[in-house]
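The two complexes that follow have chain A in common; it is paired with chain B in the first and with chain C in the second.
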Partner chain A sequence: MFKHFILISLIVASFTIKGEPLANRFYVKNFLLAKFGKHLEPLLNETIIKNISIFNGPCDIYGQVVVEEKSKLKEVYPEATCYSDISQSKVDMNGKKSTLRKAWILKTCLAISKNEESIKEVNSQDRKKYVESYFSYKEDYKDFIKSFDIKNSKTSELILKLCTNQRWQRI
Partner chain B sequence: MKCNRRDLIKLAILSSCFSTKSIFSYTPNTSYHTNLKYVHLNIAGGPCRWLFDNPIAPFKESKIDKHPMIVNTFANKGNEANFSNMIYGRTKVQDFYMPKFWEMDLYTSTGKRKASELLENCLIVRGVHMGIDGHSLNNRRLLSPVPGKPNLTGLLAGNSNKVFPSVNLVADSGVAGVAGGTFYSENNATQVDVPQNHDNPFHYLLNPFVSIKEQQSLFANIENEYSDLKDVLKLDFDLLKKRYLKLKKIYEKNIHESIRTLDIEGLSDRSIKGLSTEKISLGNVKKEISYFANNDVHIGNKDFRTTLKTSVIENLGNEFAIAQILIENDLISTLTLNINTLTHLYYEDSFESDSFERVIKGVKDTFFKVSNLKKYTKSIDRTHEFQLDSHDTGLLTNMFLSTYFYRGISSCLLEMKRQLQSSKKWNEVIFHLASEFDRDPRPDGSGSEHGWNGHVSSFFGGAIEGLQVVGNVEINSKENSYYKDNGTWGQGAKISDLDNRFLVYGNIISGLSSFFGVNTPTPNDNPLFTRKAGKLKLNTRECRNV
Partner chain C sequence: MKKMGIGYSPQNHRDVLNEKCLHCHSYLGQSDEELISQNLIVPNKPEKSLVYRYLKGSNVGGKENMPPKASLSNKEVLLIKNWIKSISPQTEIASKPSQFQISKTLSEGEIYKRCYSKLTDLPLSAQDDRLKEIEEGDLSGADACMLLIGNATKINDSDIIVQNELGSRILLNFQKLHSFWFKEWNFFTAMSTWGTFELLDPTRTGIHFSYSLFNPQYSLADIFSGQRSFELTRQSKQKSEFLIYKFKNEPRYKINDYKYIYGLSQKDGSYKSWNPSRVQTGKITGIKMIAKNEDILPIVVDSKDNQKEINPATEIKFKKSIHTGHGGGIIGDEAYISLNLGQDLGKKMDGGKLLPRRWSNALVSEFLCRDLPVLKTEDVIQYVQPNSTLPFRKNESCMKCHVTMDNMAGLVRNVQQTYSADAGGDGWIHSTHLRRFEIDDKLEFLKTAPDKDEYFYKRPYRALFKYRDVNDKLIVKNLSSLDELGKTILEIDDFYYCTSKKYLKYFTGVDIPLTLISKRKKNAKERLQVEVLKKLGLGFKKSKSLRSLIRSIYETPYFKSLNYEEGIVLK
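Our next item is the complex of A and B:
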């Protein structure tokens, strides 16, 4: 009975998986913070977190808290804030492929690749180990090193190439 | 059935032979017309359409039962409006008798032009039965007629190869409760919601591309993965920005002139005495007092026309400028443009509406009384608005302000038409103007209720040949109406070509789906129109008052 259930589930699962989900804004932000430094938080809040309809990952209408700072209102929890409308609390959990998403990732990565602190962060580590740990799957790492000379490239070029790689965005 | 390990492995391998995408996964419609664009102009609130694009007597011989509130003209001569001589005026445009609105001039970048020019490529669908009352429900159904299924913009975007498959220009109505917020695509297409209070809404859309373009040399070695951005990056963003700013000025100027100029024959070409010139005593008052109501205020201005002195339609010029850029540069497949109402109206010597109590003894038996006359003291701001959900918008206020509201919108549409004709894009776009429903006017002229069985949709675009009007209406509103025997306002009547059924919104959605070449989300509703040789063709031409 249990075996029948597994068989049926496998068959049904193969019929129902629709496309590859992509990382949402929370994952993208946290991943880039971990890989390129926590100092990037303000940048990532602007380019990734605020673009709810582009990266998905719903906001939390009950988590929206603002405080006044230097006569301006500031969100205490950027991830919870619904920047446009409360309907953003109902966006999908997973991200989707789109030209705009690619453009924002590219824009963000260009900024990170020129960031002095990020460059220092990458330089402070063993390059090979750093790149190897960047990817969750060995195949992705192997494909990456085939197409890019990690040993002799400039750090800024390496950061850009890693950051803009599509593979880490797949979940 | 017995199942061993070998069978399990065989079936697992068999299952993995199917791609990770579902075999039922979305495949783009092969008949989808990639160059066509759909622009949904959404007005949330359900303002009346009888004075604008709902011709209640479309032919010379059309029978109507006059309603006291459906008037659009002061018929008297002289330079002062006479309230006892108000009529419903019409003007002949091609084969139809349209409301007198279409005689007026609209302000465009090439000077004054007749409003009827906009009807050269126009389809009006009247008398559409929405089936149920409700603002949010019906507004959302304008793009998402079946909850849980892909909506119209989602279907179009899902087939799109444009940079922005779908864009929603957000206005005061927000996103959640209106059509623009129903976006859903099975093919994972995305919609960008452009916030209206953003410093630079146009820049919001192009922001990432602009900065990338400036640094193109830096990402030569990742070009393959981002090759689909190449076409976008070829655009001259400086030129686009300059054009956007220029267009924004043009549209804003057109709107300003259209809504402030007092030159409409039979309406604003004469002074209109306001409520403050009336002598109002405590106790019962005549019902004509309610004609000056605008929701929470009874407008007192000595000359009613001065209400427009400081009026604006916020954000509309900006939205039309963005829309034009996106259409001309083939950057979108669908766009939802949400329209704000007339705001910053000028009031003087006005009264709070609380002062006037409407006493309802029966549906058609009401009277008004005053027990405490309170002056209206709030200063001009956005809340001085023409109430689109015009329950308590009296006869004069409705007649005057809705005419100017639609004049502002029409001037933008006509400008857009002329601009797109120059850039040879007019044939590639269908503009769809819609709100939840029309309105069922009150017998006492103090306002109107939801006319959910008389929705009106208007379409403008080069694929529409001439002016076409379709849909039957009741001469005298019958059952399922707020006010029965309430004259002719546009309540839908059955159509014999549809097997004697009411025209429903699904017929419009199926028509649009057919036109654009996508599967309709309302397969049980026959398409009202289709696309033949690049033109919109109606499947019925019934247009009777019954």
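Our next item is the complex of A and C:
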């Protein structure tokens, strides 16, 4: 019940984002890798990169290099892949707000917040400096620290709160 | 009321207003545009204009109590009436520059962070050297953004080469953006699915813009003229083993199992084969001009009844590069015409039902950001043919689109979709290419558009390009080639507004329809949008530089606002 309450609160809180366009899937992936660790690449390829229609960011038809490895097809450059068909090379460059996007971000962030390596990554840094450098814009950082106790919160809570905060998605 | 001036002999409305009205109603001394914006006059309609309706002797059912102590002469009333009648309905309502405030403005460093993330898909590191220069006041955010673009690539001969991983990202993003401007991606593929995709890149229309952006010596005039074509150079740590697929769930075919063929099958069932260069795959490393004689296809196959039956097909000498454009640079690019031709394989244009109208429609939409019709009834009435067998030629409303569309389409009349060979499969690939008929100078020009002309595809032709731009200016030009059409596009303001609008949308999310420019009554938000778009467009028209245009966008209030347009507070 408490878990559901957190989920609902997070979704409702994340409606406060102002400003579009939002980052596309490439930026979302690269940002989360930079902030929470490169080990997250397989997760982010599954939850973000593959969701072209939700996050936008066109595929690159000729960026696709496909080889056979152990009787399976392997895409050498997953970010270039057109996951359904090559008309995805014509999707918008910019992301857009949507409920589905919020849901996928939430799902991704829940996984990151439980990831031991990500927690280690955040703990290895000065917390205040880490949160300050998390946001590109001073205003977003100031608003975040007003609403969340970064000093006394658990690392997993901090990760979830930072990750689901939509301000970083408005580049 | 003051005494009439000595020697008063009014010749125009100003004389009347100055002499009879201004001493009590000084506001009548304002410009026409200002009087319109205050609803004191309605262009071209004296009977609806307050200034006229108040005049004694106007006889349009108004108050008729001015001037209060004496009447105006018939001549004076007529001068006022004629003045209002002469004002064009398109006269723009004068407006003061928009008053607005940005609720949260980005600092110079934050401007750089924004454009960096946008162009590279990466968050900027706090240790970035350029960020330090900005913080020390040695560089502005916008200038830093331009350095990012400028340093992404270098030029070697006429080739563009990325300098590093960051450069590859920036080039890829701009190429994706430029490709996004052009809707079509699917080559005509009644029978060949992936054959054409292996040889022609459907995104290459956008490469013309990318090449000019990264090689500023390649001007807008170059983009819209000539027969040059480009390809993206790429590198990969592994070689792709499979042919391009259209749909993810299609079976995959190994490249090495297939040969490219041309012509008709031989008696023994075999085919002549050739070795065209496939579109490169992997990570982008640059842009290259395709050599004139690259990938010469010796023969194409003329198919009469494409999808159902390709026999009897005939071989036709082709002996041309499959990449060479048809003139007009980007608008005549082989891929752009092929993707937008809208005609079945083997069809020859007849000037009536068969014309590449999809191409000309795409041109208006994608280069000028307009939807047809742009002409008025009065512009087309002379072209209506009451005795035509084609319903659209008899109809004024239809002709408002067709006059613009068909005339342009006629410039591509001599093009035909063909196959390289009459079959594929079982280890063979064929592809679709455009054949160009030679014009037969012995045939005469036609003075009116034909219902059906069996020689139209090779007849000499002059297009009467007729188009009204977004400011309602009528443009009429005689054109006989795609190069001339390209030059004409560069003379139209709509092209500059259109390109500006597209970059503005990418960088700020603000999407401004061109039709907003001619909207008479705009709200505050719309007024600001039009001011910004006009400034960008007219600046771009002056500079003719894609880089200057992009730099101007970094200076717009939308880009500088933390929350883009939502962060602009209008007063």
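One rule holds in what follows: the second predicted complex is superposed on the first by the 152 of 171 C-alpha atoms of A that agree within 3 Å, B and C clash if a C-alpha of one lies under 4 Å from a C-alpha of the other, contacts with A are read in each partner's own complex, and residues count from 1 in each chain.
Methods note: a contact is a pair of C-beta atoms (placed from the backbone, for glycine too) under 8 Å apart; a residue touches a chain by one contact, two chains touch by 3 or more.
Just so it is clear, the model here is predicted, and its values are computed rather than measured.
Once chain A of one complex is fitted onto chain A of the other, the partner contacts of A:Asp85 extend to both chain B and chain C. In the superposition on chain A, contact is made by A:Tyr77 with chain C only, not with chain B.
In the overlay built on the shared chain, the residue A:Phe148 is in contact with chain B alone; chain C does not reach it. Once the two complexes are laid over each other on the shared chain, residue contacts for A:Phe36 go to neither chain B nor chain C. Shared-chain residue A:Arg170: touches chain C; no touch with chain B. Looking at the shared chain after the overlay, A:Glu20 reaches both chain B and chain C. In the superposition on chain A, A:Ile61 contacts chain C only, with no contact to chain B. Taken together, the two structures place residues 18-20, 83-87, 90 of chain A in contact with chain B in one case and with chain C in the other.
Residue ranges of chain A in contact with chain C, taken from their complex: 18-21, 23-24, 26-27, 30-31, 34-35, 57-58, 60-68, 73, 76-77, 82-87, 89-90, 92-94, 133, 136-140, 170-171. Those residues of chain A whose C-beta lies close enough to touch chain B in the complex are 3-4, 6-7, 10-11, 13-20, 47, 53-54, 83-88, 90, 96-104, 106-107, 110, 113, 148, 157, 160-161, 164-166. Of all residues in chain B, those touching chain A in their complex are 1, 3, 7-8, 11-12, 15-16, 18, 20-26, 163-165, 170, 174-176, 181, 186, 188-193, 195, 207-209, 211-212, 215, 218-219, 221-222, 225-226, 228-229, 232.
If you check the complex, the residues on chain C that touch chain A are 104, 106-107, 110, 113-114, 117-118, 121-124, 126, 172-173, 176-177, 179-180, 183, 185-186, 197, 201-203, 232, 234, 236-242, 244-248, 252, 279-284, 506, 508-509, 561-567.
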